[in-house]
Structures are given as structure tokens and as C-alpha cells.
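Presented below are the structures under discussion, each in the form of C-alpha cells.
The following pair of complexes shares a single chain, chain A, combined with chain B in the former and chain C in the latter.
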Partner chain A sequence: MKYNFVDNKNRKLMTGAEVCVQAAFDAEAKMMYGYPITPATEVFTGWIKRGGAYLQTEDEIAAGFAICGAILAGQKAFSATSGPGHILMQDAMSMAEGMRLPFVLIVGQRGGPSSGTVIYSQQEVILSCFGGNGEGLRLVYSPSSLKELYQLTRQAFNDAWQYRFPAIVLTDGYMLKTRGVVSLEELKIENIPPHQLVPEDKVTHWQNIYTFEDDLYYEINSAKEDFHKIADEIAKAEKYLTADAEILLVAHGIVGAVAKEAVQELRKVGIKAGMFRPITLRPFPKKELDKVCGWESVKKVVVIESALGQLARIVRDQLAPEIDVSFEYLQKPGLGIEVEEIVKFVNK
Partner chain B sequence: MTYKILLSGDGGQGIQLVSDMLAQAAFANGFNISQIPNYGLEQRGGVSLSFLVISDQEIAYPRFTKPDILLIMSEQARIRTEKNKNGNLILDVQDYNKKLEENNIFVKSYNIFFLGRLTKILEEKGVLKKEDVFNLLEKKLSTKMNWEENKKTWELAIRN
Partner chain C sequence: MSDFIPAKFCPGCGYPIALTLLKNVLKKNDLLAKSVLGLDIGCNLLAWNFLPISTFQTHHGRVVPTMVGFKRARNNSLSFALVGDGGAYAIGLQSLIHAAKRDEAITVLVINNTVYGMTGGQTAPTTLKGQKTDSHPEGNPEEPMMGPELLKNVVKPGAFLARTAVNEPKQLMEFLEKAIQTQQAGHFSLIEILSFCPTNWKTSGMETIKYLDEKLKPVFKLGEVL
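The block that comes next holds the complex of A and B.
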């Protein structure tokens, strides 16, 4: 047997949680507020073990508002949570959206509704993108590998502090708990430094509640415009063999990585498959999706996810209405999806 | 080339240790690995699983239902992995009971026996080196109780 051996220089065995912790340290985050919940606990304990400053609050609501407070004082603070904890965290996340606070949250999706399973799902997509009483003006990144998890966690801190929107790194139990091989040495990423949002030397009145409807309306519109201005720069997708694709697989996160392998398998049996993987779910890479789906060659879009249509809802919403393409769905709420299943589904 | 290995047993039998040693040795030999335990609510007294993938390619996804090699170390594990049996290589403790008893192998050392067996299989495929696995094992267990027993078990498993 002949193998492609890899040089182990700069390669490390790390879990997803360890990758997140490394990224948070490298991003020069200074404080973590949180409450342990599987499968995100090891981000918290890993941070603590490595000497990161932290506070374990009584619940995720308190952790979330503590982050808002720390950020107002100019501190790079963050948290990691999952499932029911994520629901509670959305209270403060909504405030961060309203006040334009660079709130960074790592989410490890577990099964739902409610306590569901402690294991895995892709069921926190809508919650991440549109949780809270607001308009979904936040940044949501969905990594598909440990390396991308590192890159996007760094980017989440940078974009949040540069553009002043809350940011979620949307991962899942499998990704956080998996130990794999990563090389982070060659990734050189500059940090956007934090800055104090409230001056110390004078009294500032900074609202998060408005007396008149028009005031709130003005604020939301101004945030919306800012969000649209940066959307093209931040929105990203991975496209794989889309140029002549007749069947386009759309998947995000770890399922995106599986879909990519499925494309390779389908090509081997003569099926012209391609893959579109949104790397950001908010803002969504709408222009790229329109472009790919608008090609004549594309006959069918298959949206694949470990949820009952959360990604599908976003994809259909974002796709330009004049693009006429048929949809099919492979949906396994709370369950992993393997390459063979996708191949079988497409090649039926 | 990709090997998918599913290790199963009762919690406390040392399944994760077996997985950890194999993963580290394969990694040291220049392979990509991915490794994920089951981490449900049943950890105490329940079934312990480890999904281990060793490959010279990028590994996209850590889970699988059809392993190339399946280790079964208990009755509960046998039932739990029923759906994972599919013409693969199966190492089942019930097929080794006689050998283990004849050689007076401690029940607590059974995982070391199967670590040795798996090491032998994977070394023949060029995936890892048995010296690496033994060194990792020695580092981990030589100062703990029953090291002599574990060493004897390892030697038996590797020898034949």
C-alpha cells in the first residue's frame, strides 16, 4: 500500500473546542463570560485551563449582558453556548444588535427543540441569524473544518469590532468534540484592536430604548444601511465544480464538507454535480448564489441539512425570484449526514 | 486510503484509551486522523464508542455507520453496533474469551489486548508502528497499577 504521508511540522492534534480557545487567545480576547453546556463546555473549560480571565454567571442571560457591559468598557469579551443556553443568550444578543455591540458568540449546535440531545444538529440556524426581537443584523459564520473554524473565529472578532455588529461562529457538537489534525502556524491574521465605546471623562446617554417610533425607525434603517454596505465584503461561499453543474448541492458547516465529497462520488458515476456552501449565513452570499443558480446548466438545487428546512428557508428567501430552478431537500433534523446518503439521494 | 475504525465497549473498559493511542501513533506516522467519542447522557455504565478515521487524505467528516474495523468489547456494545456490521473486520471479545482466560489475562487489561491486536493489524497495513504505540502506552500507564499485567497482555496480543 502506498500512502501520501504528510510532514508533521506545524501539524497538531486538536479538538474543535481547543481550536476555538486558541483562536480566542490569538484574537486577544480578554474575558469570557459563560455557563457550561454540552457540547460547548470545553470552550469554556479550555479557556479557563489556559489561564483566560472568566466569570461563570448564574445563567446565559447574565453572561450575555455581562458581555454587553464589558464591551461598552472596551473589552474584547465573548462566550460559547448551545441549544437552550443559546436561546437565553439571544436576549443580550438582541441588545447587542440594537446598540451595535461587537458581541462574539461561539455556538455548538445540539439537538432541539429544548434540551433535545446534547450531541449534534444544524437546528440553530434561524436562531443564530434571526434570534431576538430584531431584524437579524448580525454576522453568522459557518465553518466546515477545524482550520476554517479557527479562521472564522478570528474573523468574527475582527469583523465585530471593525463593523460593530454582533457575530456568531455557528458550529456544532461534532465539530467541537472532534479531534483532528490542524496546522495553524501559517495562518497570519492581523487583529482589529478593541476600543472603548463609552468615554470615561464625560457622561454619555446611550439609548437602547426609544421614546418615539420614528427614532427607533431611524436607528434600524441606519443599521440596515451599514449592514448592506458591508454585505458584499463579508458574504462568502465556497463553490465546487459549479461551472457545468446540473445538480447543485447546497449545504453549510460540516454537512458542506460531506456534500463536497458527495460531489466527487457523483462525478465518478457521471452525474454533473456541484456544490455551493455558504460560509457566511448572515450576510448571505446572495449574489454568488444567484449567479450559480442562474446558469442554464443548473436543473435542480438540493438543499442538505441536519434540520427540517432552516437553511432551505434562507436559500429560497435569498434566491432572486426570477430564477426558475426546482428544489429538492435532504433533511435529517438532529442527525448527521454521510456521503453515501447524499449520493443515494441524488442518484435515485 | 481511509480506514474507519469503530471501537465499542462498556464505559470504564478503556475504549477511549485504545482510540487515543492508535490515533496518536497514526498521526506520528504522518496520517490525518479524526476521532470523536459518543458523548450522550449514558456515559456512566453505558456504551462507550469511539469513531476513529485514519487517512492519507483530508477527512471531511468524523462519523460513519460502516466501519472497516469494528471492535466489540461487551454485550451492550454488541447490541449497540448491530447496524455497523457490514462485511467488515470484526474483533469481538466473545471470540477471544478462551484465549484470554487461558493466558490469565486480567479483565481490566482486555483493552490493552485489543489495542495490541489492532496495532498488529494496522502495522501490517503500514498505518502505524508498534513501537510508537508501546511507547505511548508505557508513558501513559507504566507508573500506574498493574503495569506488569498490561505489559504481559500487550506482548501476548502482539506476538500471535
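The block that comes next holds the complex of A and C.
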């Protein structure tokens, strides 16, 4: 077989971490606050090696709050973290949710609970989507390829600054450490510029804690309305061979890429499988899922994930209750999932 | 914006004194417009609309790293962190030590009233030994923590550390001026301000002042710590 590796001079061999760093530079991020943690460390060190402004803080709590401070001053600041660091970062994420700060965080999931394992899982889904003492009014993107990791990181900065919700690019150590050929030059994305949330020319007093329950109730409802208004625009899913699907595989991130291959294999043996991959977990592409699951052909939904039902919980919650489909679950907490396993599971 | 907004602090609280003196110093030096005041959580959150300068509330123990991020992003600002003794020396101590060690160009104002005021008078890192509190009804078994003295071990040349009291307005204003000059020169500054808490000390007006003068001042030495 003949390969042509030079057909596009913009193609590069990059790791996921390098892709994130490139996306942050291209998004015109100006500052990174971070703390080393496997498997997200290379996003931090990669940013530093390329000359990005940074501060290595005493912990992820300080990194998170320094980002909040930078954002209040109008600076595009971000961080990358994982597992135990992600838990600490949720303190600041919660403030970002409460004050509607455009906080961008790249999460490289590792196994949990506790320090778990250091490279891979899909166990930080609930933490990303609903971490903190709030209502989950944040944007969570789950890429399944290096190219999508780049696009969604750029989009996270743009959506965060345009709509003022905190944004998490939820990936994992496999993706961050994977080296692959990517062509980023052709992806032209306009940047949303930052703005000063505490303006230099005007006195502002900004509350984050309220004396009266009614005041907080008003704030949350107003944020909820804004979140619902942008949900249709931001929520995205990839659908693959769903038109006549009888068995619908639902998976996100790199498991989504595996599920897509499994659909091809299942079709070869005559099983009408299709795939639905949520690209955004918050807001969830609910309308599209309802549409696909509402088709008469779909008899069964198989939710596949490297976690004990974190995606499944969201899928069941979001699916319209009147849609009558049965559910099955392939769950491997903290383990990678291979095409053959999915085929075997469905074709049992 | 009017200069004066009625205080939401308890009657007899020391916070409004410290804040009003801060405002006077900023006004005198024409620095109100450049100033930003970040608030921790605790009684200091009540200062959110007390002064004619930009303010925002953060989380408990987190105002120091927030102002680190703010100042680094807006270098021409005067960035103040207002924090209680618990926020500074207990839950936020790790960040405070590292901000001081890195010589972050922010000014930290620690209000030391020896108790967690907002939650009803529990033991703070600064509670006097033997002092009865809501969480140590038999008396605090520990010696109080000396914040500025602790930080003296980590700060770089050019930093400013001091302790004063709300009933020492001349010294407080002098220290505020020095802290501002320190920040403008690019260095870390912290002033611990001994303050009144009649609500949790359960003292009358005269007793409150006497308590601060006779119980606190002999333990917490006033003056520059560097």
C-alpha cells in the first residue's frame, strides 16, 4: 500500500496535549494557571515550553481562583487538570457558575474514585456536568478525535466568553497522550474577544452571596433561562446510521469513536445498529436524542461508557419520558472499551 | 455613586472603621478609581457595596488567589484582599503563604477579631488561649497564631508586614499608605488589623474597647513586623 504523507503541508504529528496548547494559543488565551497532575501535565508544560504566560500555583484551588480573578479583570485565562485536581478546581468552577465567569478548563479524565489510576476513564462526567453546589449551568464538550479536541477547545473559549458560562473540555489521558496526524490550518475559527467584567472606568459591586433567598432564586432562574436559550445552538451530537437503526449505541468521547466502528461491524453481520454520540454533555443534545429514539425502528438503546453509569444517568434523565425504548448498559469503569467487546455485547 | 452607604455590620463592629480609613487614604492619594477590593467570606462580605470602589465577593479563604489573578491580569490596578482571621490564617493559609513567598503585588488586609464572627463566634486561629468561644465553651486550649510574624519567614525584600488596630487610626492610615507604596513598587503587603466584635465578645461599648486594648494588644504586638 502506498501512503502519501505530504499531500498537505499543514498536516502535523501532534499529541492531544499539543493540540490543546495550539488551540489555547489560537484562541488568544493570555494566561494559564496550573498545577502538575497526570495525565494533564503536558498541557501545562507544553504551554510553558511554547512561551505562554503562566503561574504554577500551590494547588488547583489557587489556580482556579486566580483564573476567576484574571477573568474578572478581562483576561482570557484557563487551566488543565484531572481527577483529584479536578475536584479541587470545582470550588472555583462553582464560583464561576455563580458569577457567570467564562472559565475554561481542560479535563483529562483519569480513574477514580480518589487517586484511582492516572491515564484513563470516563468517570469525571458527573463532576464536570454537575460538580459543585449549583445546578450544572456550564458547558461540557466531549471530543472523540484530535481534530475535534482542537475545535471544541476553540469553541469552549468562544462560547464561554460569548455566553458567560464556565466551559469544560472533557477528554482523557489516552486522548491527551495519543499522537496522531492532524491538520489544523484549514479550521478557520473567529475568536470572541474577552471583555472586562470589572471595568476600569466604572465602579461595580459584584455579589456572589445573597442575603435573601428570593435574590438567589432570581439569579438562578435568569441564568437557567439564558442557558436554555443557547442550548439548541450549542448542543451537538454525531449520528451514524441512525435512520433505520434498531439498536442505538450511545457513547461519548473516544468510546464514541469505538462505538462507530462497532456499528460498521454489526452491520456486516446484519444487525441494524446505529450510533448517537453526544458531542456536548451540557447542554445535552436532548432534542436530537428524542428524535432518534422516537423513531419506530429503534427498539433498544445501549449506553456504553468507561464508567459505572455516569453517561447513562444523563441519557435517561434527558430522554423524553414518553419515548418507549429498552435500555442496556455496557459499563467498564476506568477501562478502555474495544470494538470487539461492543460487537460481542450487542450480538449475544 | 455616593460616598456613603449605610453599613450592614453589627453595631460596634470594627470593619466599618477600617474600611472608612482605607477609603480616606485612597481618596487622599487619588487612588479610588484604580482600586479594586476583593472580599473573602465571613463578615467582610458585607463590605461588598460599602465603598466607592469596585468590589466583588469570592469564596471563603480564596480572596488572596483571586486577587493574585486579578492583579496579574491588571497590573495598573491597586488590588486589595479583605479577609478575616479564619480566611487568612486557617482555610486560606496555604495560598497566603505562597502569595507572600512569591512576592505578589497585592495588599492583604486581615481583620483580626479573634473569632469567626459571621457564624456566631467560634474559635479562630487568632483566638486567645483560654478564650471561651462557641466551639470551645471551656476555653481555647491553643496559643493564638501570629500571621505577620509567620509570613516574615517567607517574604522577599521590599515586602511590608504590619499589625495595628481599628482604634489606632493614625497608625492604621500610615500603614495603609506604606502598604499601597509597597504594592506600587511591585511587592507583597499585609496589615493585620485588630478589630472589635462586641456581638461575639458579648461586650458593651466601653468593654469592647477595653477588651481590645487590655486583652488583645498585649498579645498581638502592634507595629511593623519587618
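Here, the second predicted complex is superposed on the first by the 340 of 348 C-alpha atoms of A that agree within 3 Å, B and C clash if a C-alpha of one lies under 4 Å from a C-alpha of the other, contacts with A are read in each partner's own complex, and residues count from 1 in each chain.
The definition used in the following text is that contacts are C-beta pairs under 8 Å (C-beta built on N, C-alpha and C of every residue); 3 or more make two chains touch, one makes a residue touch a chain.
Predicted model only: the values in this text are computed from it and were never measured.
Aligning the shared chain A places chain B and chain C next to each other free of steric conflict. Rounded to the nearest 10, the angle at the Cα centre of chain A between chain B and chain C in the chain-A superposition is 110°. In the superposition on chain A, contact is made by A:178 with chain B only, not with chain C. Set against each other, chain B and chain C differ in how many residues of chain A they touch, and the higher count belongs to C. In the superposition on chain A, A:70 makes contact with chain C only, while chain B stays out of contact range. Look at A:243: by the touch rule set out above, it reaches neither chain B nor chain C. With both structures placed on the common chain, the touch criterion links A:320 to neither chain B nor chain C. After superposing the two complexes on their shared chain, the closest approach between C-alpha atoms of chain B and chain C is 28 Å. Chain A uses no single residue to touch chain B in one structure and chain C in the other.
Put simply, chain B touches chain A in their complex at residues 1, 23-24, 27-41, 56-66, 125-126.
Put simply, chain A touches chain B in their complex at residues 1, 3-8, 11, 13, 38-39, 117-119, 144-145, 173-174, 177-181, 254, 257-258, 260-261, 336, 338-340.
Of all residues in chain A, those touching chain C in their complex are 30-31, 33, 55, 57-59, 61-75, 77, 91-92, 94-95, 99, 198-209. Residues of chain C touching chain A in their complex: 1, 33, 36, 38, 41, 45, 48-49, 52-59, 62, 65-74, 77, 94-95, 97-98.
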